[in-house]
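Quick one: the structure is below, questions incoming.
Letters A, B, C and D mark the chains as written, and numbering starts fresh at 1 in each.
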Amino acid sequence: MFFGSDNTAGISAPILAAIAATNTGYAGGYGNDALTREIEARLADFFEREVTVALVTTGTAANALALACIVKPWGAVICHAEAHIMVDECGAPELFSGGAKLIGLEGHGGKLAPQTVAETLERTGHQMPHHVRPQALSLTQASEVGTVYTPDEVAALATLARDTGLGVHMDGARFANALVHLGCTPAEITWRAGVDMLCFGATKAGALAAEAVIAFDTGIAEELIYRRKRAGQLISKHRFLAAQWQGFLEKDHWRDLAAHANAMATRLAEGLLAAGIQVPFETQANEVFALLPVELDATLRAAGAVYYPWSPHAIGLDPMPTQGQVFARFVTSFQTREGDVDALLDRVRAAT
Amino acid sequence: MFFGSDNTAGISAPILAAIAATNTGYAGGYGNDALTREIEARLADFFEREVTVALVTTGTAANALALACIVKPWGAVICHAEAHIMVDECGAPELFSGGAKLIGLEGHGGKLAPQTVAETLERTGHQMPHHVRPQALSLTQASEVGTVYTPDEVAALATLARDTGLGVHMDGARFANALVHLGCTPAEITWRAGVDMLCFGATKAGALAAEAVIAFDTGIAEELIYRRKRAGQLISKHRFLAAQWQGFLEKDHWRDLAAHANAMATRLAEGLLAAGIQVPFETQANEVFALLPVELDATLRAAGAVYYPWSPHAIGLDPMPTQGQVFARFVTSFQTREGDVDALLDRVRAAT
Amino acid sequence: MFFGSDNTAGISAPILAAIAATNTGYAGGYGNDALTREIEARLADFFEREVTVALVTTGTAANALALACIVKPWGAVICHAEAHIMVDECGAPELFSGGAKLIGLEGHGGKLAPQTVAETLERTGHQMPHHVRPQALSLTQASEVGTVYTPDEVAALATLARDTGLGVHMDGARFANALVHLGCTPAEITWRAGVDMLCFGATKAGALAAEAVIAFDTGIAEELIYRRKRAGQLISKHRFLAAQWQGFLEKDHWRDLAAHANAMATRLAEGLLAAGIQVPFETQANEVFALLPVELDATLRAAGAVYYPWSPHAIGLDPMPTQGQVFARFVTSFQTREGDVDALLDRVRAAT
Amino acid sequence: MFFGSDNTAGISAPILAAIAATNTGYAGGYGNDALTREIEARLADFFEREVTVALVTTGTAANALALACIVKPWGAVICHAEAHIMVDECGAPELFSGGAKLIGLEGHGGKLAPQTVAETLERTGHQMPHHVRPQALSLTQASEVGTVYTPDEVAALATLARDTGLGVHMDGARFANALVHLGCTPAEITWRAGVDMLCFGATKAGALAAEAVIAFDTGIAEELIYRRKRAGQLISKHRFLAAQWQGFLEKDHWRDLAAHANAMATRLAEGLLAAGIQVPFETQANEVFALLPVELDATLRAAGAVYYPWSPHAIGLDPMPTQGQVFARFVTSFQTREGDVDALLDRVRAAT
């Protein structure tokens, strides 16, 4: 009953097989190999347009690199107060960007509302040069609480941003989960909706360590490539990074991985709701948030269930957890077994 | 006949097997897993003392992180003018350290001489606060031109450095090759000789992407761990990084890998010398540098041999290449086949 | 009727005279002069203990340098959401510190409450190394809205901070005004209350451009001195910076300057209150904030009064300004004439 | 007999008078005042074209700001090995630029030769993204050893630079001295010769603390203005910085100041040469370098002469100083009295 994080899962079999299959002969280092070029072409197909691609090994590096290409050191990034870039990257965006500021806004269900962003843009950055100037809007897709922006929602926010001169970044550590939920094309939810740079994650979805910075504005290519090297993120045996993407994209393997994770989350959420547990946000990706009575929490942990308490702040939780409740996050992955979900739900039902 | 770089080789079979063997069940993310703890213990054994370990995916990241823990932003790093950190890391040490300066010195055979370092320390950093202050000495082991510092040589340089308040960094991207050449213990060539931080590379030796920053001063632990995260170098599925080290260390696999690479280089160097080709530096690791007549260079390339021309500057080449010569670098790896070396030598003999 | 800012005033006569008096013969550059040493000794007397002093030319530089000596790049600074370092320094603290994060908290009357700080410390920085770690608490004295922390208030906050390992920074751009209000000694409101570093401003009070970073922990000396130079803040003809401090400190000139400015603010606040205008915060230094009916605002501006609208956010304004009100800031200085205050008040009375 | 530095002189009377004259009434802060606008217009006249001006208080800040506007963090600055930015600014260019690298080249008489620059450009920055890319050429005018580039020399170097995509920076801490020597227009030796940004110094020439970053490419304006604020270099009572420029420019006061300093240096150099002392470089500005016999050096110091030993490296000194010689730098200023020069020369003649 392992619901701690999608990072605790392993490597999906086809992705590991792709690594092994690539392990033959010699190939140019640092991305100068045929497989890397093939993956770049595939990603262009995936997004239905020319793109600049920089493969890296962590989501933190991907986000920080992308943001550094959008904001100047005297710029600011508008994001959700609980965004990964704000809370969980130990200042990587600040390091990579040369000291830009992140402005975290509250937003229901982990999503930013256009009005909140508009008010912030109205209030911020106007006293040049005393104030930093907002230059990027960052959206997390799927969000930190497992909700998903629709193309219309992204477009509304991106239009606001672009009209004020901001670039739009999408943190897609769980982009595949969002895509599966939406059923739209990758293009529709990114550049067609106004996204300039996407950090497309394969790691949480099933790779060893494979993230892609996708720049829809190819004018950014040189800067991105220099920044990646300078950040120590240009892998020398790059073909094995490309191989993970090969395995991930081949035969829409990404879709199967994410669909399973999402289905497990839905199964879990429905079970919890049926048992009378509060699940405050709609379960649209592979995360389920629940308000567990403390006794239930103790019972589940005693039974070996692994999951984490979560910060109830800034995400519009209403009402807030009582003293008798734990706000808990459950994450599913490609590896989550139906049996584990059901075993957890059995414990819940037995205890409630 | 592939002698372009050790980065162009693949993954050694036992290391890939270790990755696959680890791919079962769940494990804590970000290094909170049993295998990571095991590797940390093994590395402590390897070096015969308590160490702080930070695993990362590139040598550039390893070097830049280690140096950032040693030098202040207003500090300077003394290194060889052709050191990887000086020439090939696109300013990563400057980024990670907050803008420290690298001072590159000439040195015969890619190695720094104590006198050169002493003169530099005498001349540099004394006018506080106008001058940056040297705070780190960086040695490359094996060096960029395939030579190896002996424990006595390291100790002489480290003593000089420490007496002036500098910390000592060792770039060990090819540390295994150096160890095999020296036949000494890892402790003897590192902390016992005065090294404070070692970047121990497994990638060039046969891993997918696995480098270890080893701090012999464990007081640096917190800073190192924060810096790694902030640099986007903390891999989420960390057990697969640990697995590569498991494969590398188990049954002294590292030694077999490096011994083969070194032997291939020696075979190549001896063959070239026997054919009358100038090989200016002693071949002590897995690199061979040669002064090839331009006609021979053309012949070899036409025959499909892959290797690169190299900068003859700052490494004490005497005499310098003539207009009729190409200064060429050949790198061998665990994957290099004896047959390929011999095939190359056949071409050389036929042409000379 | 000039109440725009204390920065719009000139140089007080004794300070300008001190500059002129110093303009004779030669003196060592970069602080190697007798007057600089004298000022350092005087500031030690002023604070009744050994201090490290770094004179600079702007408050932004002073704050950013001090904070950079306290927080690591992966650290965070807890401050008021409307603090100058948060809002008005264009990311200077981020630049100087290598990318530390500022966490802005709401607080009534521009002051931080212990409970708010305690809650933040409880919630922040515990997941090493994912979260940045709070390492500094920054207090503004007098605050951005002209209120003043008492020694007990500073001590309560500083104790909280120090117990959690944070250093305490005081932005004293209007420190003289606070001192005059409190009537305590400089020691009592700084190091005796737990402050580690003070940015003591003379510019707003009457100097040309003279700020002092005062480190009560003299162990920070070397770092501070290097950082100042590296930031381009080490003035070559340093004696003229020292001269401004000479004029400022001599015969307690600072006290006269600040006492006048404070008295003018009090006169203005009392007049406004008597005329029925809302003055939401106690006027304790040289700033008066008022909720002006829009018609009155128009009348005053038409009459030539200069002052600025201010952000009503994050400072606990209750109730918030209505649509019919302007939240206005009036700043007095050593140069403000009683006649100007009275002229403004005449207009107010006439209009209300 | 004070020849230590031009920084040890005071403020010229007209410049101090301009400060005093400005000290009346109120003026907008942070450069929003009439005098600042007037100075900007005057500087445009001075250079015969539209310029962007950022006034700051130190040469280090000016240089670092200008370079940061030209080079990317992954860029390199080509400069003389003994340039102030390389040796005497404690890494300020690295801090302000986000970690760019400085590449110092040897050059006779403190000046860069086109061939040296061309060879460096040919060898450097071509392996993208492993190598940093040269993006700026920095020339010091007058140079660190008191020599002056002619417009043709600047044009030759600038053409080389621009043809390879580099911007051209001129460190003009002693620009007035160079102008007086050349007798050309400011335009001829700057933008007409290919200079993109000039750091024009008034401090060494006679101001309190007044340097101007002049951007001939006005497209850089926004970046420069943000960077200045963020570096803590935007003086709040900015009119007093403008006033120094007013005094400096009015009635060509700059020319009188520099002409006197240059004349004193020439007088000193001629006297030394006449006394048989080696003066290795032509004295073209306000610095004289001499090879003093150690006994003479001792005699002069005993007599109270103040001057500094200088590094003989990298400036093409041929022959190098013997063990019996001190390589000494004498600097004159607007304040140097003929009598002091003659008194020094008397001692020299008496001793030789």
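Methods note: a residue touches a chain if its C-beta (ideal position, glycine included) is under 8 Å from a C-beta of that chain, and two chains touch if they have at least 3 such contacts.
Small disclaimer: the values here were computed from a predicted structure and weren't measured.
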To test your reading of the model: what rotation angle superimposes subunit A on subunit B by C-alpha positions, in degrees to the nearest 5? 180
Please name the chain that ends up farthest from subunit D once chain centres are defined by their CA atoms averaged. A
Could you grab the centroid distance between subunit A and subunit B? Build each centroid from C-alpha atoms only and quote it in angstrom. 35
Can you compute the centre-to-centre distance for subunit A and subunit D, using the mean CA position of each chain? Integer Å is fine. 51
Counting in whole Å, what is the centre-to-centre distance of subunit B and subunit D, each centre being its mean C-alpha position? 41
Which subunit D residues reach two or more other chains? 30, 73-74, 89-91, 95, 98, 129-130, 226, 229-230, 234
Subunit C touches which residues of subunit A in the complex? 73-74, 87-91, 94-95, 97-102, 123, 127, 129-132, 311, 313
Subunit B residues within the subunit A interface of the complex: 2, 4-5, 7-11, 16, 19-20, 22-30, 56-62, 64-65, 89-92, 95-96, 203-204, 208-209, 226, 229-237, 240-241, 306, 335
Can you tell me which positions in subunit D touch subunit A when the two form their complex? 30, 72-74, 98, 128-130, 133, 222-223, 225-230, 234
